[in-house]
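The structures come next, written out as structure tokens.
Below are two complexes that have subunit A in common, paired first with subunit B and then with subunit C.
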Partner chain A sequence: MSTGLPAAPLLAKRRLGDKIALALVLVLALAPLISGDGFSLRFGAEILLIGTAVMSLNLLIGGGGLVSLGHAAVFGAAGYSAAVAAGSLGAQLPLMLLIGIAAGMLIAGIMGLVTLRSSGLFFLVLTLVVGQMVWELAFRWREVTGGADGLRGFPKLALGSLRLDTPLALYLVAAGIALIGWMVTRSFQQAPIGQALAGVRDQPIRMGALGYQVGRIRVTAFLVAGAVAGAAGAIYPFVNQYIGPNSVHWSMSAALIIMAVIGGVGSLYGGYLGALVYLFVQTEVSSYTDRWQLVIGLIFVATVILMPNGIAHWLGQRGVRGGRV
Partner chain B sequence: MSALPSSARTTASVPSAAPKTSVPSSLQPHALLRITDVAKSFGASRVLESVSLDVRAGETLGLIGPNGAGKTTLFNIVTGFLRADTGTVLFEGRELGAMPPPARARLGLVRTFQKSLVFPTQSIRRNVAMAVRAQGSGAYRWWGGRAAHAQADAAAQALIDGCALAGCGDELVADLSYGEQRIVDMLIALAQSPRVLLLDEPTAGLSTEEAAQLLALVRQHHAQTAVVLIAHDIDVVFRECDRIAVLDLGQLIAVDTPEVIRQHPGVRAAYLGALAEVQA
Partner chain C sequence: MSYYLVQTLNALSFSVLLMLTGLGLSLVLSLMNFVNLTHGSFFLLGGYVAIHWIGAGAPWWLAFPAAFVIAGAVGLVLDRFPFGRFYPRTHLMQVLLTYGLSVIFADLMRWGFGADTMSLPTPELLRGVVFVAGLPFPIYRLFIIVSGGALALALWYAIDRTLWGAAIRACVIDRGIVETLGLNTRRIFTVGVVIAAGLGGLGGALGSGMLSAYPGLDEEVLLLALLVVVVGGLGSFGGTVLSALLLGFVTTFSRVWLPEFANFLSLGIMAAVLVIWPSGLVVRKMRPV
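Coming up: the complex of A and B.
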């Protein structure tokens, strides 16, 4: 038998991933006690919501090898749907989540069906096209979406008579969505359907020969990713009481991919790390210079060279080597 | 193949009593898989020309011919990865028509590929379990996955324990040698409970010892399965197969027992003679 990785380190690595994720959850839960100012909490909520969208994208990229350049359309369409619906139906949390999840699943489902038989570059271009169609709708349908100006002035988030528009409430809602989204995505990845998705990523032809319906697996993954991204997207407009066409633009999709790569493709909590790094640089560096994207680019290049599998995997490897598991 | 039931051996030996060299002799009564008048072209290139062939339960049928003869194309048509231009494929008397590959696989039409198509990032057990789950209703399950995993893992482990990789179920497939990966590839196919097992050059690139291990593994699970074997190693084909079909330039030029095929003038001219010259 050739020399291979024994099972123990593999399991250890997996357990370490869970421990890091748990530590991340604890830090996020305690963050309001450390820094309770409104800006930080809203910023934290934004990181959690966009991090959830990146995690759902990671389900497609890392889990299924499906690099989508239209995922912002899924996330943003949920945000627009919730904001528009809030104007006429009120901004009750369960309703907003329901509408966001439905919108996210609809756009992701369409994307999954359109790209059913494509892979590689064609898959990338098709997701880009579907995403840009959503952007076109958001940009041109001025009466509903506000066009280039976006939407403002919609009701603030609430749960019954309880107002959820304070920074702390929004942070807690975002943390709850991040936690539930992580649990849903993790359970999907570990279930037979998630294993089948990994099989489609590695050997799509063999999966067909085994009797798996590859298209069904891919569309299911799109729907789950759409539901998770949709739940996060539904709350996103309420953080700053604004949503604009940039949130559905392809450049936002590219930013989500960059966050996934920096955080770690295939790692669920890596999505949050990637969102943290990206949004921190965007917020902090942009206060000094307009060229903050140059810094992002440098970080991206440095990550690819020094930590080719992203921050999460780098942390995992260090933990296993150091025997800290 | 030594593990063949005696009845199948008797049936397989019938053609040798009355040597048959024409195409119609390839159609046999009680065929498990019947290929009739199948033709396939890619543009102006005619790859298969009115090929008719039967495969019976329990037999091992060799499929040989020079490169480009149409052997893999025939596999692709039988398993649904390609549509034939004309002709039919019947499995247990049922025409498969436009049935897609996954549905054919679930009927028991199982194949391997020229390349070893394994799942490198997963353990040997998870590789085999992937095939086990595909046969049941839990393949797409989300909730209650732990029980589905446990069942599939147990079935996979039983298969692994019966081969040269026993005790290595947790090893990552990416860390295995090529020969070991071919065994995993074969375990995956066997885990699909095949009725007809189509093996596309399974021993290519293997050492004599590794090839013997692989073929022994097939023999262990052969009793209820018909095997169609493409191989360029003529010794393997003549030793392992009950009947041999010979394709040349898309045409089936002979189907018969190894003894008859060895002496067949058309086969010697098209394939065996050339091969002997190359070997010399």
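Coming up: the complex of A and C.
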């Protein structure tokens, strides 16, 4: 399955764009710290967490050509598990992360195993179906998940006796997760298995003939992506002290994909830029019109028509042109 | 026993709706390899058209052709822009484009038709119930089964037995060869999209008497139609019919036996089918290249 990835000559541009994107992400990540008001810190934490989920999805889409329409289920299931566990066990940060990572890996692992023999459209629909099964559970299993109302009123995040419920603390936790998640994802992509994943994306039959265990590589990629998304998802409910079924729904999965595309498929920092653009527009627009869903739809259409290669790639193109002049 | 007979009829009427919608989606998907997620919007649009048509007092039997024509016209416009330039693009881009469009349509329809659940003002002739082995069964659902079945039969005849159908089937298999024979495949594609959209609208018009019409129905139907097409296997008429029946029965009976987690169960069963047959139930044999 091709994902519209650039041919070899474009790679230099892509790399440069990646670097500019990294600088941009760092500058933008510092902005809430400098301004320091509660709203932008909370919003920044949300962007960093969702951006981390987008980055992990990018590992699957860009790295492996595995377009999953169920990634929100991985992210949201981790959030639900953490929120439910916080209710009975207390919201200790390491415990929450552990539970979130386990839940994320579980759902992502199921998706990886179920889709082992599928490709193309069948892969897309199967991940969608598994994701919607998670949504059905979140929506109908009222005693545990709160059904349509979602979960509120669980304990606030803490580390030992240190309370982590201020916007600044949440932002720092989110930034830490984003940083570690990025390191994990990057080292996976650069490790032999990450290279093998790219091989499986481009030439699955040849990779099999070379003796690579294609299925095992795919499932491993799913597990890593699930762990990263799970860690981010575990903290997500504590940003607004709320998690609802929308965070597991496939429309959220589609939103994660469009964020990846806005940022640039294959660019790990791009995910953060995509999350920033998407969430910023959504928040801004919904504050002064009821027709914000229309605008969300327009974002999708405009992105694929005008900027299918994403910000990171676009920046790279500018950079290369500028360098030659 | 008669209870299960009535449930079987229920499942059958739902299957027929799924079949009509799925056949439309399948046409576009196998013909052009184009993933059209706006198909659920055509369904809902057809439902609203039929409800307003009959509500306005126009002849009721014309409501269904009207839904076909209006949804088909929307399909024609979309084929000109922006679908046309997305036919050769990757599935990922098609999914994002059509998903975005479906979100736009959903919001526009909520704007135009309101957020309330509307049901079809059933014409006098189709109102009331018949007694099947002692239990009541709505006449309208029998109407769905009969008319939907007849329509599917007509469609099968058109695709399988006429020259037009042969051209469409040839396009599915090898577009390039069809082009060398002097046929304008771009025009065949347009016809395919229009018919598919029309079938979606028609399915919605028929379905509005059973499922009503409300914001969010488009998404539910889209998911079911996608499942029907994918589980049936791409490009196979028989497969689509088979999987529509399977999904219709699975959904209906899981609602009977496990109402709370019915969708979970039916999604799980369909996922299991896809795990066992990763390319759908009916796979066209192809020479490996």
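The working rule: the second predicted complex is superposed on the first by the 279 of 325 C-alpha atoms of A that agree within 3 Å, B and C clash if a C-alpha of one lies under 4 Å from a C-alpha of the other, contacts with A are read in each partner's own complex, and residues count from 1 in each chain.
The working rule: a contact is a pair of C-beta atoms (placed from the backbone, for glycine too) under 8 Å apart; a residue touches a chain by one contact, two chains touch by 3 or more.
This is a predicted model, so every value here is computed, not measured.
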item: Touched partner set for A:Ile61, first subunit B, second subunit C, both or neither; value: second
item: First, second, both or neither for A:Thr220, with subunit B first and subunit C second; value: first
item: Contacts of A:Ala191 with subunit B and subunit C, given as first, second, both or neither; value: first
item: Which partner reaches more residues of subunit A (counting touched residues only), subunit B or subunit C; value: C
item: Partner chain(s) touched by A:Arg152 [first = subunit B, second = subunit C, both, neither]; value: neither
item: First, second, both or neither for A:Arg163, with subunit B first and subunit C second; value: neither
item: Intersection of the subunit A residues that touch subunit B with those that touch subunit C; value: 1-4
item: Subunit B partner contacts - residues on subunit A that touch it in the complex; value: 1-7, 10, 187-188, 190-196, 198-199, 202-203, 205-206, 208-214, 216-217, 220
item: Residues of subunit B that touch subunit A when the two form their complex; value: 79, 81, 100-103, 105-106, 110-111, 113, 117-123, 126, 130-131, 133-135, 138-143, 145, 148-149, 152, 165, 168, 170-172, 174-177, 180, 188, 192
item: Contacting residues of subunit C [partner subunit A, same complex]; value: 29, 35, 82, 86, 89-93, 95-97, 99-108, 111, 219, 223, 226-227, 230, 234, 260-261, 263-264, 267-268, 270-271, 274-275, 278-280
item: Sites on subunit A touched by subunit C in the complex; value: 1-4, 61, 67, 69, 114, 117-118, 120-122, 124-126, 128-130, 132-133, 136-137, 140, 250-251, 254, 257-258, 261, 265, 291, 293-294, 296-301, 303-305, 308
